[in-house]
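Got some structures for you, see below.
Paired with chain B in one complex and with chain C in the other, chain A is shared by the two complexes that follow.
What follows is the complex of A and B.
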């Protein structure tokens, strides 16, 4: 009797405990997304915020993979390769994440890439554009198939920039000679090779001088004077680190030669205030969506939510990778839903390769978040871009979004897209002192 | 090409001399390497930015505010850190380096890590044949020469300046003569902060503001002090010109990316061949 009473009491206690106690937290309750990248930079923040908005949207819709909530954990790379590798290890070994979204710069992504291949964690890069990583996926698919890059690789960016060189720099402006000024980084070196091998011969533009400068250069006057002494029609700047220094000194010195190229500092809306209002006349290549880029309805809605959530906290307009992170998250989780999760890896990879978010504006293709499949050949360059975003580098850009646009800063602080023509809403200009 | 090297070499040297001189003073008087010196430069730049560019105050007023920020931070560094550790130069060096890193984090917190460009103190561009020169860097060079001349006069002709020299020569002897070395140290740290802040305004308007901007001037100052010789204002001035011209020649004639390498190589050569520097002595 006593035994039965005790047994009943035990059952009752267990029942009461199970009803009153909060459910134990366990990894199985949430899906963990790991962010890897810088916490402090505008570009890093763009990826974080794009990811956060996507998570809010997915959680608000009832969760994912059977109603589970998504939890975001973050690891700071400080834009340093060694920190990046440690961050990737942390996300896998301590946080045990299901999926990683990256706002890493090229060198950092290259650093953790081998760790990714070891952990076999599905990973999406939103900022890195180094074609060397895509080539690794092409050449050793089984090892790197968990990697996706939803920004057009630098080779694709350069190909469209060749068209800009031919159509605008050579044809419209009549420019035939250039001095290339590049920072001493792997990224800039790669871009220079493309300019030398493709832009110059195809656009019939002669490179008069190639100047490589240290990224810690503080005084650009001798460099600009050296460039101007060659009397080129224009200067092509390749700058991704401390880009405001060459840009603002170009304006302060009123260098008597027009300048265009790649200037990462000019990608954000804060460039105007950061440059003290000295950015007029600067133009730069940019992946999309960029400043000055006309947003479709869906992307405009994303931007409205971004503004409501983050207000005046910089960056007040997300860099292109903020949009990429948002759409990339939707891609990744739609693929996971069909695959039944991020594991087994092969199933998720297969579904991710089938992902295709097509965004139209005024009835025509405007943006596309899909990926090149293994073995698929891009017709213009006749090469594979496995797991790179499905860009289109030939007018009328109806197979995907263009790999890049050229944006122009004007002396009143406004910006426009000036190339390609389908997306252009402004004109290419030289600075006021050269008009 | 020669005129380009001459003009740019001269202007860059002036800026380097301005950057290095406050650092030299501290070492000569206090016998410590103040690794927070770059922070005075950074504070000067940010204070000027806030005053002139954000608050719209007149240039002169902004300049004075920047200078005062350098003085205040120099004095605070001395009172809160250096005075308490003055018998342990290694502890002073480590603590000033940590202070610089803390200040960098504070600047990131307040202003974000993004770099900012500043309007020049003096606007305009002058052209000499094919060489473009901003009025701002010409002004920086002019200010550098005036500041250095005034400093030399101050150190050699005024009672306080002579007291500073006395402490830099023999601290105990100065004390016996009725000079309070602590008061002299306060003046020196305040003055060093002021000089750093003045350099910071020009350095930032010529280059840019960013939370890591304290590193390059610190390296430049160390290079100038090592090459010129510890404790020599004149030596520092000459070393600044050697380094400025060497970097300009490297940039113009060899390769811009080697400019820093040449300076480092010069430091190694001087350390091996003339460890006391070109004009090294014990006092100012």
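What follows is the complex of A and C.
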């Protein structure tokens, strides 16, 4: 009996031992970059591809940190919180990465954040915009100082959206009442709080109803009927998952109320085909660079390389976080060159805080990849945004890029930026059936 | 105590010794994987003592784990209660709250019971988001929860100790007359009643033990992760993982869910460097299916028959 148990345990030990074997062979003395996020979503792929193009560029230029090549290892989170924590552990304890770039969504980033603080691994988030994470950096700098976020946080997004609400929705369109339709996700819940606390009171827009729907909803007719029954001036949609479904049904049903808001599917060029050509009249807030956004020379070059490398594989136009990943990698490695590597951490953090990629177009500030420093106060909101991208939420946007733009889909399948005026190349429109 | 039980206790002892020595020979990355296996084993054993023994299939175990997780997270993070108070409070809350919710369910059988437990999970999922979101953290949950220990090795020992003690106690419990009576409920509840036993009390006992184990596991899990979010706990995939670990390991055996938890967790993580994306879940599904089709009683039964074959071969 005992012998049999021993035999069984020996088998188990061999299995465990095999797991402790070193990871797949990698080139000697490489610098390892870990990607954490989804592998399957367009947004996840955008971060991966932006990172890959940056790595190709840096390696082709002779490598980094004394001629070492950069190697990318990836860990899928499946957009699941616990899986995200396991992925972060894997990148650190099995792959021993030097730097992590993330395309994680809000609650997944919040999940692995404590592991980041434990491992002290330099990490850059390119998708999540949750201000709660930036607040953690502000409140406990020593613990979270290795964290950077190069998309404007949601509070900054909301502040500029307030201006859009005041200038366009309230003033130009004369809209005063809204029904908010929100998907049941962490992201959408956070955005709704900001609408309720900031947009509605500041733009003097009254929320008539707040509808929360399940992300697996396939029939939006009853929801739109309910929204329309409140007779609002417009519907504000907050949707990041399967967003083409509410959008295409809105057009198909010819809902008799204008709609704007946040529609993540509408950030991608595939939105038109995904919605069966029923995307005309949809507008959405978007971080930048976005669809319809006029690209500067440098970003256009990145996009050309993106097209050459990935061809027709979706997303055919990178989401904003694809650009963020590309420029973020350049930031991180430029800082590492000056600091002599990613360790010691304090030196790298100091150099990352000094990073400043300014991109001009026609002689004026167009994009900026820099970060708010500890103690620095943003004048409009009078608060700190330590390690968030250095956005500017006051015209003429000459201290940084605006936190967001509003993009508009037209019935011919084209897109334009409609707000803020400095970046606008089209007009905000209601769908054809409402004109 | 009979000779067989003593021999098997020797097996437990040996298992404990080997697992205690493991950090000396494997990487911290492997220990991190095993930590998740330990949690999965605790959750699967919790499910097993209720569903595997009595046949009352629970689809609501994340509900129990969620009560514990949120109780200790809120008490320690929001109100600064020391974790050596918040964890026992969480276990108590799981037992009390869970029992109150499950008492009516214990009067329902079969599919209805499973669906009612699933409904409990969904109710708590929605409650965490809409009832006092400032306390629960709403959809984004709570991050920055105090950890009991930090680092792979201390967490490995902590979680292994918890799993080992729970496993051993449950294994001893199912070998008592109560354990046998619980199994009899699964086979023929009416016959157990006819024998003069109070099946409601027995089922309630099974549920309370199950809730206590889920409570301990849930509280430790949250203090290991350092965060809690509704989507991370009340996920249908999380529920399936617990069920599959118990079933593939061997339901109703206590040892089976431990084997199943190690098998599933290690299989998935072993595949990660080779298949980092969703493909590994596809392969994992196939492997699980093959094992389950080949031996519906699980790996535990497979190992037992292999052992018998070896014994016959030798004699």
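Keep this in mind: the second predicted complex is superposed on the first by the 407 of 435 C-alpha atoms of A that agree within 3 Å, B and C clash if a C-alpha of one lies under 4 Å from a C-alpha of the other, contacts with A are read in each partner's own complex, and residues count from 1 in each chain.
Definition applied: contacts are C-beta pairs under 8 Å (C-beta built on N, C-alpha and C of every residue); 3 or more make two chains touch, one makes a residue touch a chain.
If you're wondering where the values come from, they're calculated on a predicted model, not measured in any experiment.
Undergrad: Return first, second, both or neither, reflecting whether A:270 touches chain B, chain C, both chains, or no partner chain.
TA: first
Undergrad: So, does A:40 touch the first partner chain B, the second partner chain C, both, or neither?
TA: After superposing on A, A:40 lies in contact with both chain B and chain C.
Undergrad: Considering only touches as defined above, state whether A:107 meets chain B (first), chain C (second), both or neither.
TA: Touch partner of A:107: chain C, not chain B.
Undergrad: Looking at the overlay, what does A:93 touch: chain B (first), chain C (second), both, or neither?
TA: It touches chain C, and chain B stays clear.
Undergrad: Could you look at A:132 and tell me whether it touches chain B, chain C, both or neither (first, second, both, neither)?
TA: second
Undergrad: Who does A:244 touch here: chain B (first), chain C (second), both, or neither?
TA: First partner only, chain B.
Undergrad: One more residue to check, A:184. First (chain B), second (chain C), both or neither?
TA: both
Undergrad: So which positions on chain A get touched by both chain B and chain C?
TA: 40, 184
Undergrad: Along chain A, where are the residues that touch chain B in the complex?
TA: Listed in rising order, the residues of chain A that touch chain B are 40-42, 184, 211-214, 216-219, 221-226, 228-229, 242, 244-245, 247-249, 252-256, 265, 268, 270, 273-278, 314.
Undergrad: Taking the touch rule as given, give the residues of chain A at its contact with chain C in the complex, in rising order.
TA: The contact residues of chain A facing chain C are 1-2, 4-9, 12-13, 15-20, 23-24, 39-40, 74-76, 78, 80-82, 85-86, 89-90, 93-94, 106-107, 110-111, 113-115, 118, 130, 132, 136, 184-190.
Undergrad: For chain B, which residues are in contact with chain A within the complex?
TA: Residue positions touching the partner: 1, 4-5, 8, 11-12, 15, 53, 108, 112-120, 125, 130-134, 136-137, 203, 206-208, 210, 216, 248, 251-252, 255-260.
Undergrad: Within the complex, which stretch of chain C touches chain A?
TA: Result: residues 7, 10-11, 14-15, 18, 22, 25-30, 32-34, 36, 129, 133, 138-141, 143-145, 147, 150-152, 225-227, 229, 231-232, 235, 237-238, 262, 266, 269-270, 272-274, 276-278, 303, 307, 310-311 of chain C touch chain A.
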